[in-house]
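Below, chain A partners chain B and then partners chain C, in two separate complexes.
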Partner chain A sequence: MSLDPATVRRIARLARIRVDEAQVTQMQAELNAILGWIEQLNEVNVDGVAPMAGGSQGMAQRLRVDAVTDGGMADQVLANAPDRAGAFYAVPKVVE
Partner chain B sequence: MLTDLTLAEARAGLRAGRFSSRELTLAFLGAIEALNPRLNAFITVTAERALAQADAADAALARGEHAALTGIPLAIKDLYCTAGVRTTAGSRILAPFVPSYESTVSANLLRDGAVFLGKANMDEFAMGSSNMTSAYGAVTNPWTRRGDNRALVPGGSSGGSAAAVAARLALGATATDTGGSIRQPASFCGIAGIKPTYGRCSRWGVVAFASSLDHPGPLARTVEDCAILLGSMAGFDPKDSTSADIAVPDFAAACARGVKGLRIGVPREYRSDGMAPEIEALWRQGLDWLRAEGAEIVDVSLPHTRYGLATYYIVAPAEASSNLARYDGVRFGARTEGHDLIELYENTRAEGFGSEVKRRVMIGTYVLSAGYYDAYYLRAQKVRALILKDFTDVFQQVDALLTPTAPTAAFAQGERMDDPITMYLNDVFTVPANLSGVPGLSVPAGLDAQGLPLGLQVLGRHFDEETVFAVGAAIERAAGFPALPSIRAGA
Partner chain C sequence: MAYTIEGSSGAWEVVIGLEVHAQIISRSKLFSGAATAYGAPPNSQVSFVDAAFPGMLPVANGECIRQAVRTGLGLNAQINLVSRFDRKNYFYADLPAGYQISQYEHPIVGSGVIEIELADGSTRRIGVTRLHVEQDAGKSLHDQDPARTFVDLNRAGVALMEIVSEPDLRSPEEAGAYVRKLRSILRYLGTCDGNMEEGSLRADVNVSVRKHGEPFRTRCEVKNVNSIRFVMQAVEAEALRQIKVWEDGGTVQQETRLFDPSRGETRSMRSKEDAHDYRYFPDPDLLPLVLDEDWVAGLRAELPELPDAKRARFIAEYGLSPYDAAVLVAEQATALFYEAVARGRDAKQAANWVTGDFFAALNRLGRSIEDPPVSAAALGGLLDLIADNTINGKIAKEVFEAMLETGEPAAAIVDARGLRQVTDTGAIDAAVDAVLAANPDKVAEFRAGKDKLFGFFVGQVMKAMAGKGNPALVNDVLRGKLQ
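Up next is the complex of A and B:
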């Protein structure tokens, strides 16, 4: 599988990263080299192998009681916001 | 010189009242002031806080109270959130970020009385093997080649932590290891470092790269010092759902166990054709040392080793693309304005992320995208299961494995920068332990022909760091690694 410029632009859009036209060609070459390299995994016989998700081996993921254990610290949460309006994050106008 | 002490020696000196934590802390702050302009190991130095913590430690010591690390000055990788102290993850996008909370691991260190000197430089979001991707500049390895003054890389991603410890700017440091980021810099800088078992150290409050592969752990100049640090860092944390509810043993005591009767495996797949002869010779030397101490050496096979890197470069970017979605210019971190919300996101991330981070987020986005998920991500998860099985099978036969830590010694800044894949190959021996979650330690064992340090890696069973420490300490004793970096405090 080889990425064309349109696919590079689509991935950048999905990843929410602005990519200038001038960067598309270089990115295309780099991404294709990496994807070509990882295709070696096609050599491996994975028939009947259960996929491994997560890093904890043999340990069930814990569930905790569904209760509020934290919160009530709006000022701390907002302390690092680039822009805020009162107790809210501020963003450019979304709805006309 | 106080800065030449090991952590264990400094702790004994503090407890015996031979010097105060303030004196010790001032010695390290002085060393940082003198050498950090050359090494760039610290992004942020917190001198005033450090002295206040040192004074509190001295007061505690005067009352006869000493916890595991009372008064011990450490460097904290800038991936660990520290309350009230800027935490950048080596990225421009987190330049303005000051957490209001403390990571669990750094809080554990503070609970045990540690003094934090500052925040250590690192590859951006821990993505790199040279520390060259940091938005805060490259870190210089305190070691240089014989007769060649070119600046070398300290390895990465924990390059600042490793350089600080090797140059005696701190007694130890926190670090993290997602594909080798503790062990490879340890090898490049001639110090020790352990990536513990997945789940041993909480990831809560550590800026996430690839959650199923991220492992917090320590760097220090000796194996015992790593054991002391890990003892404080480790432990169950209900705030991390993958944290293991397993008792923390006395790691430091395990360093003195010896290796008599242990079975040590030599994985044949780690012996690549292109391996530098001096690395192969050091590996053989390490096995001889262990044999002389009463261990039995066994040839073993980890058949899927060669697929580790490719698996890693699907799983890690996939997780990174999800984790890094949070940097949106809205809730925290830097923002670059746009005409609408989408443009704000795209501009913020284009300006805020460096090229390696963008590359990995793009790869991750692609392998998770509709139509490609099965071919890439699902297949990689299956190969990962086979790599894990390799380890569980081999640990039925042996107690630990010995391998080289990295395929080369430290390289020069600017070398191997042309092609991302060449850089990825640095992690060929370290990545399998991240994919499988088994503990891995790098111990300095010798020098190459140019006078640069080389490390050997000890891998063990899940949650059996004690055996890993026992083997690592035995190699350390046998190697008697005497060499010192040319750039260091007091040199």
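Up next is the complex of A and C:
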């Protein structure tokens, strides 16, 4: 599998990463190298192994108790906001 | 008769599928310990997880999972003992992480079914494709400032169930009935409060049109419709728009649209072509969600009686019509109220009073079944007075009005106002004789065959007795004297 320049530009746009035209070729080569490296995994024989998304077989997620243990710290949450209005985050107008 | 819309080229069928987002009732959020209460001061219920601070990790709330499974069971759906959380990637100001944790390939609940009731008394079974658990986004306020959008993350991370129907619905009425029924089931289960005004229940409406017998044509999705009435209006408005596009020789493009209730039309959100490219992948922060079969069986055993079962029981046990039964079970509180009135009394008469005068009073006074102006016990007391012939049905309505005004029990009002019905045949005889003597011409007409004058005589006698005559006795005496 290899990426063409148009796909590289599309991935960059979806990720909101600005890629100058001059950088596309270099980015394409880097991404293709990563894909090639990942593709080596195809050489591993996984016959009889159920598809896994994470952890190891037989591991399951632990659940928490439904209790309010967090929050009540608007100032800390907003501390890094570039702009705020009262206790709201303020962002450039999102027009729909 | 199937619902169709007549276009210039003939009849069109409408095909509808609904995606309903239902906020799960829980104290804390899906992946953080922040509170979920509605209406708190902005950003006061936000943890660093919800605000997506670097390094913060999600831990799922067991209660939210339990509620989702109970909902799946209530929809007669398959419960998937292994499911998984995925990241749905998109950028928006009220989604701080840049992705929503959702379930894509492996939802917690698979296919189920909802039975809807239509106005003509018929029912239809609507397929549920799936139910999955996901995070809600924060709230954007666009109208507070000319140049800026304000963002409140209190809702960010609250647990949602997305419940997706098959494209089985065929009319605005069916779409409305589906949402109503789903909301009723959720409220019975106590898994979502169903409050559409506060946004705890919202619908995305998928609409397409086709000629009879055709495969599906391209659909459009109308986003975030927040009342049942708007769901029905949005279906019709969008179907009409698509019919016009096809009949003008155009092609409907798959897109996301918004419903504008003030204009009664849908409009394009003019989203970019890659708005739907969410690049889902398994969330590496969360292990697979594995449920214990016995635990699920335990939840199933503890489900409350749901609307369909309750309706069937009301029909069988109380002899109610399917329509009355459906009205009475729509809300659990109404069903409880009704049963308290009906128990040990004439169940059909109880249904008539609850759905008739009592509902009318709730509407008129702006009260709810949770806060009724007359309690079930008090209404039952009124019905007892009818049953033991203390008052007749007409006087009962007068007593009911007085109960609304004064809050007094029916018996006290009847005594205080002297409304006890007259069963003394002597008094009734006298009233009948007076009426017949005052209307000799009518008596002659009746005897000459004008049978329907009987009602006139009954009315006159009742009037003479200030409404307090026992109707059966008045009828008997009148009939005897007129023959």
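Definition applied: the second predicted complex is superposed on the first by the 85 of 96 C-alpha atoms of A that agree within 3 Å, B and C clash if a C-alpha of one lies under 4 Å from a C-alpha of the other, contacts with A are read in each partner's own complex, and residues count from 1 in each chain.
As a working rule, a residue touches a chain if its C-beta (ideal position, glycine included) is under 8 Å from a C-beta of that chain, and two chains touch if they have at least 3 such contacts.
Just so we're clear, the structure is a prediction, and the values are computed from it rather than from any experiment.
When the shared chain is aligned, chain B comes close enough to touch A:44, but chain C does not.
In the superposed pair of complexes, A:2 makes contact with neither chain B nor chain C. By the touch criterion defined above, A:83 reaches both chain B and chain C. Once the two complexes are overlaid on the shared chain, A:62 sits against chain B and chain C alike. Once chain A of one complex is fitted onto chain A of the other, the partner contacts of A:31 are limited to chain B, with no touch recorded for chain C. Contact with chain B, but none with chain C, is seen for A:17 once the two complexes are overlaid on the shared chain. Common to the chain B and chain C interfaces on chain A are residues 13-14, 16, 53-55, 59, 61-62, 64, 73, 83, 89, 91-94. Residues 26-28, 32-35, 41-49, 51, 59-65, 84, 89, 91-93, 140-142, 144-153, 258, 269, 274, 277, 279, 282-284, 286-290 of chain C are the ones that touch chain A when the two sit in their complex.
Looking at the complex, you find that chain B touches chain A at residues 96-101, 198-199, 211-213, 238, 241-242, 244-245, 304, 307, 310-311, 313-314, 321, 325, 328-335, 337-347, 349-350, 353, 358-359, 361-363, 365-366, 369, 372, 375-376, 378-386, 388, 419-421, 436-437, 462.
Note for the complex: chain A touches chain C at residues 10, 13-14, 16, 53-55, 59-74, 77-78, 83, 85-96.
Contacts from chain A toward chain B in the complex involve residues 1, 3, 7-8, 11-19, 27, 30-31, 33-35, 37-38, 40-44, 46, 49-59, 61-62, 64, 73, 76, 79-83, 89, 91-94.
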